[in-house]
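Okay, so chain A shows up in both of these, paired with chain B first and chain C after.
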Partner chain A sequence: MSDPSVTVTVDGRDLEVPAGVSVLDACRVGGADIPTLCFGPTMTPANACRVCVVEVEGSRTLVPSCSRRVEEGMRIGTESDRVLHSRRLVMELLGSASELDRAGGDLPRWMELSGADPSRFGEAEPEKGRQPPSPGHGHESIPGRAATVFEPVKVEDELYVRDYSRCILCYRCVDACGVEHQNTFAIAVAGRGFDAHISTEFDVALPDSACVYCGNCVAVCPTGALVGKIEYDMREEGVWDETRQEVTRTVCSYCGVGCNLDLHVQEGRIVKVTSPHDHEVTQGNLCIKGRFGWSYVGSGQ
Partner chain B sequence: MDIRLLLDRPTAAEREAVDRVLGSATSDWDGGGPSRADGHVARGGRATRRRRHLLLPALHAVQDESGSISRGALGYICERLSIPPAEAYGVATFYALFDTGKPRAPVMVHVCDDLVCMRRGGAELRIRIEETLGPEREGAGERSWGSSPCLGQCDRAPAALVHTAGTGYETLAPYDGVTSQVTIGQDRGELTLLRRAGVVDPASLDSYRAAGGYSMLDRAIGIGPEGVIASLEISGLRGRGGAAFPIGAKWRGVAEAMGPDKFVIANADESEPGTFKDRVLMEGDPFALIEALTIAGFATGATKGFIYVRGEYPVAETLLAGAVAQAYEAGLLGRDVAGAGFTFELELRRGAGAYICGEETALFASIEGHRGEPRQKPPFPTECGLFGRPTAVNNVETLVAVLAVLEMGAETFASIGTERSKGPKLFCVSGDVTRPGVYEVPFGTTLRHMLDLAGVGGSGRVGAVLVGGAAGAFVGPESLDMELTFEGAGAVGAGLGSGALIVFDDETDFGPVLARIARFFRDESCGQCVPCRIGTVRQEEALVRIATGRTIGGLEEERTRLGDLARVMTDASICGLGQTASTAIQSAMRLGLAGAP
Partner chain C sequence: MFGAGGGTSSYREMEETDLIILWGSNAREAHPIFFHHVLKGIHNGARLYVVDPRRTPSAQWADVWLGLDVGSDIALANAMGREIIVSDLHNKAFIDHATSGFEDYAAAVEGYTLARGETITGVPAEAIRELAHAYATAPTAQLCWTLGITEHHDAVDNVLSLVNLALLTGHVGRYGSGLVPIRGQNNVQGGGDMGALPNRLPGFQDVENPDLRAKFEDAWGVTIPPKRGLHISLMHEAMDEGRLRALYVVGENPLQSEADGEAMQRRLGGLDFMVVQDIFLTPTAELADVVLPAAGWAEVEGTVTSSERRVQRMRKAVQPPGEAMGDIEWLCMVARAMGHDWPTPTAEEAWDELRSLSPMHGGMSYARLEEMGGIQWPCPDESHPGTLFLHGRLWEEDTGPKAPLSVVEWTAPVDPLDDDYPIRLTTGRRLDSFNTGVQTGRYQSPRRIAGVLDLSPEDAESLGVGEGDMVQIVSRRGRVTAPIRLDRSLRPGLSFMAVHFPDDVDVNRLTIDAWDPKSGTAEFKATAVRIEPVPS
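== the complex of A and B ==
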């Protein structure tokens, strides 16, 4: 039995798409350029960032295209003034609260395309005045300054760094650690509202938590809030340079599962290991050995 | 699920408190002592995890017992329910009434600093409390205090909620010192919904029955589920919680859904600033809510119901708990309700300090034992609600109005009010009025008439009325002849919302008022979606700048910025909180209430 299809209209063009696909997929089939942030191709949409919203005729509010399924006859607009406004404001709001200069993917391009100006909400709070989020709410901001999500960088081990001043609370790391991928549940969203943040239980250090150091949270983080220690150190030193990196695909040699590894090599040295998101075995996930167990490669012995 | 537990152990008192909710642990598998059989069987698994919905009751038990939730206590709850500690911590830190920080003083006073209380002696009260107990949340020794959003006691402001470790909560209006009061502003002869409130003994089923109680359940059983739903459709009754959805359509949706697992829920998480009508109904006439919810179960085929009552309403909760117990004893709940052959179980759940949990999908998440984060609709609750099952959620006043429909007949009910707004309606009048309280009037009554009933106080001249609470809109003195109907409110750019009418006299400085409304949304945003999580913060910052005369780029630029924020929050937020977080502020801007030269 072939999949039934439905007809939808995207920006005035009729399209036939398989029933059950997301509005985002339908729009992209139709050639529309829609940004996404919290949406991960291997994960259930978290619906959190709202940067992918589009107009659906008959709907009072804009609709997140990543999670909404197409329906027969749906009329979708991706370029209306309303859509562009929300897109720009979401970028501006995120840029005003979090440091986005290490965000990967499409974010820099979209910041520019949408004309976002995060500085219009005022000067950011000085780091010194900002306390790490405390449980509960009622946090006081500094008058005349724009509150940020600043937190001191957490360096608790040799494998990865948590720099939550870059966090946009997309829920991807929590979902990857939990039901979507790893089922370890070492981290969750704690607190509420603007004080919501990613945390272990009672904010214990990662080595004291349930973390198994698979690094699958690092793999899905879109903004560089979670990053390998080597990459973090190189970035801090100003020597991280992706244009000088070569990526070599291989198969992990530790066990028989057959995970694909992408070795990121800069100046003859492995600086990061990932797995392709579209690889059917891993969907981008690895274990501690595949992701971090390669220091022997560069050993002189 | 393979979870890593906390190594901290609970105290004996904490363990007992948790066990009172969850029952005793049966083996080493769920936190009990080791037994000989443990090595030969595996317990836990799905059966344990299905009890996840008991997380909030267990956290409440510990908080009530100790005044805070220690690592040991949280760890024990996690062990009992097979919940990863990071997740349980995420849940506990979501709710304002749970304390996971350092141990606090045994007595905690939550002092309301919201719109109404601050106009009615709240500011002076705070100063006195600070003098006695020291700085907010720092008071050492026996007592400490903190500020709180609206406690729903606006008819006798200023109000405070006191929590004592080992005892629990009590509400207090410091001026009169009594814990419960049913303030009805008008002549009792005109009342339908409030007819029994303040007249019957709320702790006695016999008293309720003597006043005609439970005769509507008999009538519902007589006309059958279809008869009940058809009556509601004819009556034109629409929801009183804010969304104004036709109740007949909602109940029909659930009644027609397949499968035996369905739910009906009374949304008693009344947290809209300036709103206290549901509290008055529950404190004055708790059995009416239970009877109405039983009828909801009968009509929709749901065999299980919940009342989700806000944590700040301890008197209502206690009375409801007693009423549920008496109804069970009398055979009016449980199996074979009233001998009519249907089953209806009813459970009471207590919120924990989160306005957002009045949003129906957040309410589901909260009952299920999660952070109160709303989810995207569709799917709608009638299709996919509590535990993913078809669910009808109704506001307390709406449910009580169901009794009125059955009693007076659908046609009579529909003849009250206007074309699109039918029946009697409760309004909570507070602020600068001489007789604050709940008023019951037919739909279509004008705002001016309501103000005549309650008497304008302060300077005696109206500056503006906030219709519908913080999520509502300001209307100016030129609009006092507006009809208080869904359509009439819409015509002046407002909504009836929860039925709150907060009156501000013409000497009000609206700068701080608007900043307080903005702070309310900043504090109460769940934090899930960007437009609301960050937009409510930027909105508050802008209003503080305006109120203190230090704008960025002048007032006009601030207005543009606020307009941009309003638009993205309204258009792109997940739920009604973000979508209405700018309504009152934008209406004030249009009326020129803020930043006037």
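== the complex of A and C ==
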């Protein structure tokens, strides 16, 4: 068991990394800037989005770095033309089908760096009159226009909003609701091909589904498809401004488990509550009370 | 346990243990993120046993659910203990090395045969046997409980009966095995740690020990009363007898949270003087002579302690409204008004004073709490990493004081079932709400189940009522009206009400304030009622 480390080469540089870490971790240790979308640090890689692909010498295809483990002597390339081309194309395809202007993290920067241009597949389809897809009933595409995953925004309660026009089917919400974290299994991917979409059982409205409103799906959504109602409303009104928000770490006021909360405060008002993904108590997860039950603060009563 | 009032284990142990028992705990709904760690354990191969009168969402994850009758916990634990002994599955080396009282314990549980266990608890003898054998033979096991164990007239004995099982099998004091009371409020543990108990100074130091008292008297420059104070049920008694005439209530809503609401109304109304310091004008505050508006969560700095003994910092994120101030400010202002020269410390200054007096908190500077994401006590000095699990000493050569096995006898709930009151009513929490609803009543939850009586379909049918029908629920102390909600997780003869909607359905008008003489906890969990249809 002594010295469980391996030597790999990243972009020509030799690195010693612990055995068993992912290629992604090794590349990041080596300073490589690799985009991720479907990968969540607290979750088993879903291998859905393919933006993190790299070259591994001896491998015919590009390798998703998030899920592949390092091996002794592995030679990894993160900046070859083939990698950059594949990465750019994936982001262009996702960006043409889904609205990514509210994606968090580094996605906007990565899209710019890679020169991704989603509009080259044509102007997005007009949205008017489109019905949400249902399993087995595809919609017709318009020649010359880029097909999209458009669905009307689902606002079914006061806690969170599902805006699936922004969904890239990364599976993070499904996995968080399922076996990775919450184990409620309220949502899954339904439909095939372009009509694949996130669905509750029998496509019922969320309040009628098995959902327990923990919002642990919201916590892992990388594109803003799942978002708190307050944040959604503020964005629609054009007043959501993260540069004017302060984040304060505290502990939930309810039961005795001791979940860490990050309170996002804008203009003296709590506008969002999250939990740190790197804290061992929650791994970013909360229950309905912790994530949404704080509106009594500042209720003026 | 064994001198320190805290759970022995860390949440991460749930993920790696071989067997988990949730006893009187519906953690899936009442402690959802704790249950995440249990779920990881299940996915890693741990077996889960749930002991609960209701087939709760937690029980639905169990390998075996033991649906015992309300208030029969000691009989179940003693029957398990006897079965472990007669099957020669007890850990004799550990018992000899680290415990005392085994002979008396073995003699006391001798009468709790599996058959008698079944008679008292309603759990089939074979299921009791299976749990006893599974627990005793598991390499590691965690025994967890919550208010289903403690909100009874014999709360402390209930806990001791579970501690006995851990001592009998050596399931305590090593990684993966432990005893875990999951706390119901974010600082129940911390309140006890800080000495908010009638018989303890901060750090669980005995107020009746002159040496310990002298240490605090030196630091504080005051004389501390040498005798323990009153716990809440004794306060009720003292109010009834006119010995307690004034009350200073901080962040509690006893008019609605305590059992037997009629009696509480009489007690609080009969006081000479009551101060209530709270974030809202609660029904209790409406009875007060003076209300001090308190700053609440997210408006003040401080610390809380979780169910794994982890002390964590609370931070201020927003300004308190109006004239509201933090509890430290109010307490110091009141002290100054009474003629004491108390400057108002910052939360960190108050904490550093605590660290100087409570050895178990000595190493927990604000800077370290921040850096380490909280620290689990005991943490005596600033080089100490905190403590993952307690009582490892029991496995060392020098065990220190032996851990006592306790003789505890089952007694029936104080409020008996009879022909006039044939249905057992128990109380608890639902997923999206909290206690008397002072905080959670203010957000719009799609999962809210308002004030209803949960009843088994069988009982509903025999009463001739259905979903949504209004009924009167009558106990020996009061009556309330509520609609029926059919709940297949209940067996015939058992009903359930949540405690969250006292303004609509005040369930504590029904509950009994019979209380445990050792802890002062009232028996919220076992009320005898009858159900009368309301003619529409």
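Heads up, the rule we're going with is that the second predicted complex is superposed on the first by the 293 of 301 C-alpha atoms of A that agree within 3 Å, B and C clash if a C-alpha of one lies under 4 Å from a C-alpha of the other, contacts with A are read in each partner's own complex, and residues count from 1 in each chain.
As a convention for this text, a contact is a pair of C-beta atoms (placed from the backbone, for glycine too) under 8 Å apart; a residue touches a chain by one contact, two chains touch by 3 or more.
Since this is a predicted model, take the numbers as computed values, not measurements.
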Three-chain arrangement built on chain A, chain B and chain C clash or fit: fit
First, second, both or neither for A:251, with chain B first and chain C second: second
Partner chain in contact with A:183 - chain B first, chain C second, else both or neither: both
Touching partner for A:146 - first (chain B), second (chain C), both, neither: first
Which of chain B and chain C A:191 touches, first, second, both or neither: first
First, second, both or neither for A:263, with chain B first and chain C second: second
C-alpha centroid angle, chain C to chain B via chain A, nearest 10°: 110
Touched partner set for A:286, first chain B, second chain C, both or neither: second
Partner chain in contact with A:155 - chain B first, chain C second, else both or neither: neither
Least C-alpha distance (whole Å) that remains between chain C and chain B when both complexes are overlaid: 5
Footprint overlap on chain A, comparing chain B with chain C: 183
Chain C residues touching chain A - in the complex, by the definition given at the top: 11-12, 30-34, 36, 39, 43, 182-189, 279-281, 296-299, 304-308, 310, 312-319, 321, 373-374, 431-434, 438-447
Of all residues in chain B, those that touch chain A in their complex: 1-4, 6, 71, 74, 84-90, 92-96, 98-101, 137, 146-147, 354, 371, 375-376, 522-531, 533-538, 541, 544-545, 548, 550, 552, 561, 564-565, 567-568, 570-574, 579
Contact footprint of chain B on chain A as seen in their complex: 47-51, 53, 61-62, 64, 67-68, 82, 85-86, 89-90, 93-94, 96-97, 120-122, 134-138, 141, 143-147, 168-169, 178, 183, 185-196, 199-202, 209-210
Chain A - residues contacting chain C, complex: 156-159, 179, 181-183, 206-207, 212-214, 246, 248-260, 263, 265, 268-270, 279-283, 285-290, 292-301
